[in-house]
Amino acid sequence: MTPPTGITRATLLKDLRLEWRSKDAINSMLFFSLLVVVVFSFSFDPTAEESRQIAGGLIWVAFLFAAVVALNQTWARELRNQVLDAYRVSPAPANSLFLAKVLGNFIFVIVLEALMTPLFIAFYRLRALGPAWQLLPLAMFGTWALVVNGTFFAAMCLRTRSREIMLPLLLFPISIPALLAMVQATTAILSGESSARFWIVLLSTYDLVFTTVCLLIFETVLNAE
Amino acid sequence: MTPPTGITRATLLKDLRLEWRSKDAINSMLFFSLLVVVVFSFSFDPTAEESRQIAGGLIWVAFLFAAVVALNQTWARELRNQVLDAYRVSPAPANSLFLAKVLGNFIFVIVLEALMTPLFIAFYRLRALGPAWQLLPLAMFGTWALVVNGTFFAAMCLRTRSREIMLPLLLFPISIPALLAMVQATTAILSGESSARFWIVLLSTYDLVFTTVCLLIFETVLNAE
Amino acid sequence: MSKLFFIFALLTLLLLGYALHAALVTAPTERTMGDVQRIFYYHVPSAWTAFILFFINFGASVYYLIKRNPTADIVALVCAEVGVVFCTVVLITGPIWARPVWGIWWTWDMRLTSTLVLWLIYVSYLFLRRFSSSGQTPTLAAALAVLGALCVPFVYFSIWFFRTQHPQPVMGGGGSIDPRMLHVLLINWLAFSCFAFLVCWSRYRLERLQRDVDHAHAMEALRDPRGKLR
Amino acid sequence: MTETAPAPVITVSNLIKQFGRFAALRGVTAEFASGKLYAILGDNGAGKTTLLRTFAGLNQPSSGSLSILGASKFRDICQHVGYMAHPSLLYDEMSGMENLEYFARLYGIANRTRCAQVILAVGLDPALTRPVGQYSQGMKQRMSLARALLHDPQILLLDEPFSNVDVHSTTEMVRLLARTRDQGKTVLIVTHQASLLEGAADEFIWMEYGKIIERTRDLKRLEISAEG
Amino acid sequence: MTETAPAPVITVSNLIKQFGRFAALRGVTAEFASGKLYAILGDNGAGKTTLLRTFAGLNQPSSGSLSILGASKFRDICQHVGYMAHPSLLYDEMSGMENLEYFARLYGIANRTRCAQVILAVGLDPALTRPVGQYSQGMKQRMSLARALLHDPQILLLDEPFSNVDVHSTTEMVRLLARTRDQGKTVLIVTHQASLLEGAADEFIWMEYGKIIERTRDLKRLEISAEG
């Protein structure tokens, strides 16, 4: 038997390959991130001092936005010809599928963020007054928090009516602590006024707890009729 | 033959009925709007003076966000069993379908806005210093601009692969003038510093032009293989 | 069973009446806030009751996930519903109180915010229960309940450090409360708990009945020789 | 819209349909008359579905000419064409009756009894409230046929109407289609179960690699030549 | 995993499956032995698909007991079951070969030749690079069968494998399935084209209103009693 990680890898590679094959994936992501930043700078005058002060919030709302759009189509491919049924009758463990999807989304959203951040910095002329390197683990942990819950709830929403609107309904309340931590930490780092360490630790604990629990109960959710 | 408006009515009623049948449509919208406002309040400290000054931008970004979530599922039902083909072989004009969808989305987004606005006002303690009644035509024209383009592009995206991500890609650039007008007008009205009349006229012209063009070419888009 | 229910209902009613009297008449008037402060006797017991109900919901959901016991599912559902109602009471009485005392309806204070988030989480739970189309609603709901409950400590911690520059509750800090007030508060809490239990009980019976009816119909369909197919 | 027997209702000549580099139809020339029932047979991938979709205006031919009821633009005569595809073309969330009522409006029919009548004609119950998404495969198939028959079209294009339908109902359906033919309609049926149409079809058409290879009245002859 | 002929491979007793208030299976009791090919027949909506999905662990029975290869939990024996449903259960965007390679991984097979072999067995070309979404209906159907056969399962559950497949290929497929049966596998086929299996099936099972009404070796007898 292929070990679970092997299946995760195969699934992830398949998803990435399909994403890549529709070549424009990367282009469209680039374009999308540019657009979000532009729309934001039209809405919030970047030259004004105020905007710069709320940049932490701006960035994370933009990321959340991008993540919800991405997460809503996580399972679209599997839904098309009920491929999920083929997965369910196979001996492959549900968690391998879950991890593959989480990783796929993680890569997707991280790439988007990597594209957006320089744009934000350029447009809003941001400068970190605190330790800038902390932004990296922050982005990692924050994105993982969004993505792991998002993937889980997207799977849950497969079994509900009006699926698309359900995802934010379930995802937002539970993500509030994570979102709060991200915004606060970013602001702390950018302004250099306080330490972001507490928030980063909080986020990593959050990630740990939710990843564990999601892995524990994903099988139940997948196999719900 | 049923006149085109009759078909528009029938289609719109059918959509509303289906939406309504999953009874909680309104409830879920209410909750969704509450969530968006709460997420925004967490990201942008509503007690800070700065946030209040950019409230115009905040509100419209939130509306845009909600609209994209709504628009992404406009054609989902028609796509399921290729029902669109049934429409295409029928003598019903393509524009009736388009108008029905636009109206449906318009109602949906307007309701969302009507729900969100009081929440924004309460949370951010907004008070209009200019003529507040102008907010009404502004919201109407602005929403129509978002929705008419959104519905059109959603139809166009039916034939592209990564459907959900394509919508914002196409929608945002074209909507930027409209968005700019909305943000500026809202800020003008809220701050009372300048007149919003120019922006409202601009928006209504924008609406007129884009509605006409969309109606003219929708048939081509629908019948593209 | 129904006799017991009736007696309990009567007792609860009496207790509620006594608690009302205690809150409005017996309890001393607060010096700075005046009579407005009496809303305290509804505000705090509601909050505590809601917390207890959410806690039971969590326990029942975990139990359901392990044992697939339908009774646990009903208990979880009922507790979430009633808990949301009590939480709503907190969210309504709070601003009513805040308006005259602080001069504002709402502030992003820690306790207020965490209550709001808690409320959001359990409302989304109820949404899932209504929107779920499959026969597996209980499983999905239980999964969400577990995640939601796990979220609560994070909400608390994150909000602890959030916007500390804003006013803390005027009457925070435990020690300084008048013993007579504490007495009335506890009486009210007892009354509210009984009331919540009563509502949960009757809601439980209703849900049970509903499921029994469904089951009976299903059995009917089984016996029907050439059921309304097609 | 002539209904005299010999006039061809559908005329195609040298129809070619390409998907990218692949040619699904490679020069189809044929005429179809009114009052006839045609069975279109052929191996998987022969181009039958593509041909039907082209007739229904859903595919644009790459080259060649196509005229239906004298018109070259499909929009002018779509009122007279009924099309049944492989997917059901129905809303999963609505009941069968609600579906038909909606589609009736598209054709300008505001007549509930007509809808009930077609549903009965295909052997389903108009009072069924279950949404179509929960129908069994064969029930969906029949409801889809009902949708195609709804506006009493001159030309019926049916893509594998009998697949997943049970044996009793198939014979019922064949009888219904034969009756429709007798009313002067043109019926084109793509199927792999040619034997079902043995008595009913006026002509069997064999397609291969995007071309019509043979047209005959006698199924036996076709089978022999197909084997060889 | 005994392969001696008389031991039942699938045992169900009094299986009931309800969708809300509607009972799709109303007490099915049966045994299926290894080395046999069963044809499950019945009218639309009789519950055939529901029965197969329950065997495949995709539906949870409402009550009654089900044991496959001696296990009562599907997860323990899923390695030994192949399931083919009505939708293709394939990724539209990948070619047939890529699809099979992916599913092979799920079953712990990392063997390209095996994939090519099954594709050839169902009469398709492993080198076809077109994505499955652009296959014709019958080609999809065959690729779906290939997916079910991939891991050489003990038990094959096939839901209408022949619908939309052309006549030549159908006979090919029947032969393939008969050969599989001869290797000691259990094959359950839901179909409306019973005559195709006339020579091959060991037993015909007639379902009606969620129950098994009759089991017989002789199709003729079934037809007579079904008519009556």
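In order of appearance the chains are A, B, C, D and E, and numbering begins at 1 in each one.
The criterion applied here is as follows: a contact is a pair of C-beta atoms (placed from the backbone, for glycine too) under 8 Å apart; a residue touches a chain by one contact, two chains touch by 3 or more.
Just so you know, these numbers come straight off a predicted model, no measurement behind them.
Touching subunit A and subunit E at once are the following chains: C.
Centroid distances built from C-alpha atoms place D farthest away from subunit C.
Looking at which two chains touch through the most C-beta pairs, you get A-B. Once the centre of each chain is set as its mean CA position, subunit B and subunit E turn out to be 47 Å apart.
Spacing of subunit A relative to subunit B, judged by their CA centroids, is 25 angstrom. Put simply, the C-alpha centre of subunit A and that of subunit C have 32 angstrom between them.
One inter-chain figure worth recording: subunit C and subunit D are separated by 59 Å, centre to centre, where each centre is the mean of the chain's CA atoms. Touching two or more other chains at once are residues 22, 161-162, 166, 169, 172-173, 176, 180, 225 of subunit A.
Residue numbers of subunit D whose C-beta contacts span two or more other chains: 139.
Contacts with at least two other chains are made by residues 120, 123-124, 127, 131, 135, 230 of subunit C. Residue ranges of subunit B in contact with subunit D, taken from their complex: 1-2, 6-7, 10-11, 14, 18, 21, 77, 80-83, 85-92, 225.
Those residues of subunit E that touch subunit C in the complex are listed here as 16, 18-23, 26-27, 45, 60, 62, 209. By the touch rule above, subunit E contacts subunit D in their complex via residues 19, 22, 42-46, 49, 86, 130, 134-139, 141-142, 160, 163-170, 192-194. Those residues of subunit B whose C-beta lies close enough to touch subunit C in the complex are 22-24, 27-28, 31, 34-35, 38, 41, 45-47, 122-123.
Contacts from subunit D toward subunit B in the complex involve residues 56-60, 75, 78-79, 81, 83, 85, 87-94, 98, 102-103, 105-108, 110, 147.
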